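Look for chain A in each of the two complexes below; its partner is chain B in the first and chain C in the second.
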Partner chain A sequence: MKVTFPHLGNMYIPLKSFFECLEVDVVVPPACSKRTLELGIKYSPEFACLPLKINIGNYIEALEKGADTIIMAGGIGPCRFGYYAEVQREILKDAGYKFNMVVFDPPKGHLWELFKKLEMITNKKIYSYNNLIYAARLAWQKAKLLDELDMMACRARPREKFEGETDKFYKKSIKLIGDVMTLTGIKNIQKQIEIMFRDLILTNSDSPRIGLTGEIYTILEPFANLNIEKQLGEIGVEVHRSIYITDWVRHNLFPAFLKPREHKEFLDSSKPFINCFIGGHGQESIAYVAKCAKEGFNGIIQLLPFTCMPEIVAKSVLPSASRKYLMPAMTLVLDEHAAEAGLRTRIEAFVDMIKYKSEVQNENEMFIGH
Partner chain B sequence: MKMKCSLGIDVGSVSTKLVLINEENDVIEKLYLNTAGKPIDVIVKGLKILNDEFNSSIEILAVGTTGSGRQLASVLVGADIVKNEITTHAVASLEEYPDTQTILEIGGQDSKIILIRNKIVADFAMNTVCAAGTGSFLDRQAQRLGIPIEEFGKMALTSTVPTRIAGRCAVFAESDMIHKQQMGYKIEDVIYGLCQALVRNYLSNVAKGKEIRPPVLFQGGVATNLGIKKAFEEELGMSITVPQHYNVMGAIGAAILARRYIMQSKSKKTNFYGFNVALKDYKVKSFECKGCANCCEIIQIYRDDKIMARWGDKCGKWSSSIAV
Partner chain C sequence: MGGKVILFVICIVFNNMEIVGNKTVMRCINKIMKIGIPRALFYYYYFPLWEKFFKELEQEVILSNPTNKVTIKMGVEAAVDDACLPVKVFHGHVMDLAEKVDAIFIPRIVSIEPGRYICPKFLGLPEMIKFNLNDLPPIIDIKLDLYNKKASILEHFFKIGKFLNKSRAEVLKAYFVAIKNFAFYKNYIRLYRKIPTEVFNNEILNYDDNNFKTITNQSKPCFKVLLLGHPYNLYDDYISMNLIKKLKLYNVKIITYEMLSEKKIFQGAKKLSKEMFWTLGRNILGSAFYFLDNEKVDGIISVASFGCGPDSLVGELLERRVEKEYKLPFLYLNLDEHSGEAGFNTRLEAFFDILEGRLTSESNFSSLR
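Moving on, here comes the complex of A and B:
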């Protein structure tokens, strides 16, 4: 049995590590490319959103490399994503591929089912629970370190000593994290990476800070968002995300007593614009505006794939939230078009705008007599 | 003495604009040329025209480029600044009308709204996945009806009972128009109906959730269309102004910003290669990189067989291997 899964940013690293720890063969799909997208578009319904199309491309490329079992997350709630695993299974079957698909739904207390599915994948009747726990801990530590790496890279990019160094070290760090297979090894690497990035930064100068919010896939997958974090970093912006991989795991896979408490408070700050769960991360998208305002950010960019329902709801109230919190906001709708020029124009204009704004603010403060 | 000028170049999807302004920001000359898919040729042509007209009588202090072809233009002429269209449009509008609070801009492929408060850009939006209601679409409809685009707007003004046209999508709008024509509606009513539909689409799509406060400026190529202007005024319930140089505002803004930049810089010297670059031979070659599955198309620009710039790659392997 050879297991594969769709790409979601750097998620493949902890997933690969997890299954390899349990002695399951893993085929990581080739990094998302134009070919991935072309395959996805060819087989997917036209009106489906970008994530579904890229997923399909990932599967096909992995099946070509010999994978035979696809692992996909399920979901609940009004976002179509919850049903994507089923749709994707049918699409691939119709296209003539032979494979087995295992869908992991958010357990919501039924941890036992999760174990049973894992048993099925690993093909073991009697499980070594120690082994399983070690694999899970290792994967979790990797995911945490990857998130930390993303944060460090976003901080370093607008302040780097030499152009392009952040990305060079980023690649190096990704390889280090991918290769390490022990918990103690991870600790060492973490220190290495932290030192590497500390030395990279030229000054602690003030850079404008922008929060990325919106739909999770388009935030986490650089191929889908045309590498927006890097593009913003290059024009001198420090980028933060509304959601990181470990956040998603915490909210969806952890049992209730392990969930962070402040999350409920965070969600409540989406009121009065969105008062309840509307599927996907629509509510979070708006709550994040309040959070960014509280933390003194300079602006917020909402990302969503074309036809994403929860984010369209969020998009329509974003201007009101933006006015209430005095937080400049811009929405970018992402689809198959790979025209980076259009995206670049919009983000440059947005960054120009927030820079002028803060200049004027500073002048006013000086005038008042600070 | 030679007149000191700044040059602004706006390379848009449909048209390319070159503007010369003097030190008081007055427009000395403006050129409005058809890009016709060949931005390099048209920039060269524009420079030649300016050269023939002014060469000995002006001195170029600074050059700025903008529009979707701004990077290309910058490589060609040696620009001092390369700025996005939003910023340049706002700068030019504020120069002429300092009290402006809202700018509506509709170009060939883009439409945008810029909100200005206290003389700085406070918010903006651009069309995202749809180009319905932009200049190209109007052009195509005028062509289909056999009406010169210059007459299109005037004709709309003669309408008495505008027809309702669905403006959500360019394709649907077109079939709706054909349907109404075949039913026998008067052509001017169909045209004004289309103007209203496009304005509705703009306001509920690009300008969604944006507070439009007067004074409102309307610029970009479509601003010449009197039908669209009237439809905007009716829908918004306020009068809107079309600036004198409505179709070259981006280029004016680029020229203004370039001069400001040069004034602040230490050397105070422009990068401009001179009008003679127009006499040189330009070539573009492209190839497909086989390095990975992305198969990026790499564009290389040559001047007299010497490579000047290269872009189009995702990984930076090609573009970073040459100093631009």
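Moving on, here comes the complex of A and C:
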């Protein structure tokens, strides 16, 4: 049995290590490329959102490489994601691929069922629960380190000594994290990476800070958002995300008593613009505007795939929220036709505007004195 | 001790002790209010219920004008450009009502049956309206959420009653009259296979069986077509470009999912490998599968609006299943504000040419996509 799963940013590293710890063969789909997208578009429904299309491309490329079992997350709506797996299964079957699909659904996702499904994937191999716990811990530590790495890279990129050095180190670190297979090893690597990035930063100068918010897939998957973090970094902007992989895991997979408490307060800050859960991360998108305003960010960019339902609601109230919190905001709708050059022009204009705004503010403070 | 508890319960039941959480919900002072209901979205599903309820509470119900060029233009300008056509049209209807009424009824419809949602855009609809349109009268944006239990519907109506300054007893009475009327309306549609809007306009809903017979005398139709889609697309004559009237001209017997009982839809929906969590999507698929398995139809017309999230997956599943299992002519119509009527008519004509061709020819033609 060879297991595969769709890409979501760097998620493949912890997943791969988790299954390899349980001695399951893993086929990681090739990194998302133009071909992935083309395959996805060819087989997917026209109005499905971008993540579904890229997923299909990932599956096909992984199946071509010999995978035979697809692991996918499920959901209970109202976002479309919860029904992805069913549609994707039909699409791939109709396209003539032979595979097995294991879907992890949260509503019935009691731990016991999770174990049963894992046992199925691991071919009913009897492994000790210690082994399972070790695998989960290792994957969790890797995911945490990867998120930290992303944060460090976003901080370093606008301040790097030599152009392109951050990306070089980033790639190196990814490889290090991917290769390590022990918990102690991770700690060592963490130190190594921290030192590497500390040396990289030239000055601690202030650069404008922009928050990325919106739909989780388009935030986390650089292929879907046309590498917006890197592009923003290159024009001297420090980028923060509204959600990281570990946040998603904490909110969705952890039992209730382990969930972070401040999350509810965070969600409440979306009022009065969005008063209740609207599916996906629509509520979080607006709550993050309030958070960024509190932390003194300079702007916010909302990302969403074309036709994403919760984010359309968020998008329609974003201008009002932006006015209330005096937070410049821009929305980028992404689909298979989005092009890097057009995106670059838009974010450059946005950053120019932000810089101009803070200059004016500084001058006012100097002359008027408040 | 026990007495206190009972007293508390009595307080809750008879005194208006619950809190209306939203600030926009203000208590009205005058007794008769003009309540505006936009003729869009869930109007096509719940109108008989809403109308009866408000009338029982002695309020005046005012509908917006049927969708027209102006409604669409206003809606498209006001709404966020990614929204689907029905949501844009809804904006237009609210603007149409804004100056005519004392309050606009835009309930936040989260879920209308346990375990299933409506599209996320409905969940945020009151906010979309409030923050995109200016100078609106108070909005009654009370939540209707039956996701956990069906009994929450009473709470929903109590809160509306609270807004109108009505006592719980009055609300309860109005609710029971309205819900009985609504059940009757639903049964009527199922029994006589009527299009909901025909029943709205004929106003035959007065418990009189004699009225039934007069309307059901019709000449025998030629084709039976399963018309699938969301009610707010199908029955809005402007959005659907008079689809239903045009089908009637072709002498078609139209079947929609409202004409099937929940039990039958449930039976059909069992064919899905995973329970569908959208009420409307499940109704569409469930009724289609039930109908195709149990009754003979000549063709299927599926209507969706451009950019509709649930339909992008529901339509895909439907099309694939129909193609694989039933081999029936299938017409997929996608509507948006730019749709041209000529192209629409041509596609409809082609579809009926195929239906006719299948009638005359011995062997069935391949299915149309």
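The rule we apply is simple: the second predicted complex is superposed on the first by the 361 of 370 C-alpha atoms of A that agree within 3 Å, B and C clash if a C-alpha of one lies under 4 Å from a C-alpha of the other, contacts with A are read in each partner's own complex, and residues count from 1 in each chain.
To be clear about the criterion, a residue touches a chain if its C-beta (ideal position, glycine included) is under 8 Å from a C-beta of that chain, and two chains touch if they have at least 3 such contacts.
This one's a predicted model, so the numbers in the text were calculated from it and none came from an experiment.
In the overlay built on the shared chain, the residue A:199 is in contact with neither chain B nor chain C. Judged by the touch definition given at the top, the superposed model places A:113 against neither chain B nor chain C. With both structures placed on the common chain, the touch criterion links A:47 to chain C but leaves chain B unconnected.
Of the two partner chains placed by superposition, only chain C is touched by A:83; chain B is not. Greater residue coverage of chain A by touch, when chain B is weighed against chain C, goes to C. When the two complexes are overlaid on their common chain A, residue A:316 makes contact with chain B and with chain C alike.
Judged by the touch definition given at the top, the superposed model places A:333 against both chain B and chain C.
Of the two partner chains placed around the shared chain by superposition, neither chain B nor chain C is touched by A:265.
By the touch criterion stated above, A:277 is placed in contact with chain C alone, chain B being left untouched.
Of the two partner chains placed around the shared chain by superposition, neither chain B nor chain C is touched by A:64. Common to the chain B and chain C interfaces on chain A are residues 306, 316, 319-320, 333. Listed in rising order, the residues of chain A touching chain B in the complex are 30-31, 33-36, 164, 227, 306, 316, 318-320, 322, 328, 330-333, 335, 337, 341-342, 344-346, 348-350, 352-353, 356-357, 360. Across the complex, chain A is touched by residues 68, 83-87, 118, 120-126, 128-129, 208-210, 292-296, 314, 316, 320 of chain B. Partner chain A is touched in their complex by these residues of chain C: 22-23, 79-80, 82-83, 108, 110, 116-121, 123-124, 127-128, 131-132, 143, 272-274, 276-278, 306-313, 315-317, 320, 324. Partner chain C is touched in their complex by these residues of chain A: 45-49, 74, 76-80, 82-87, 89-91, 94, 103, 105, 272-280, 282, 306-310, 312-317, 319-320, 333.
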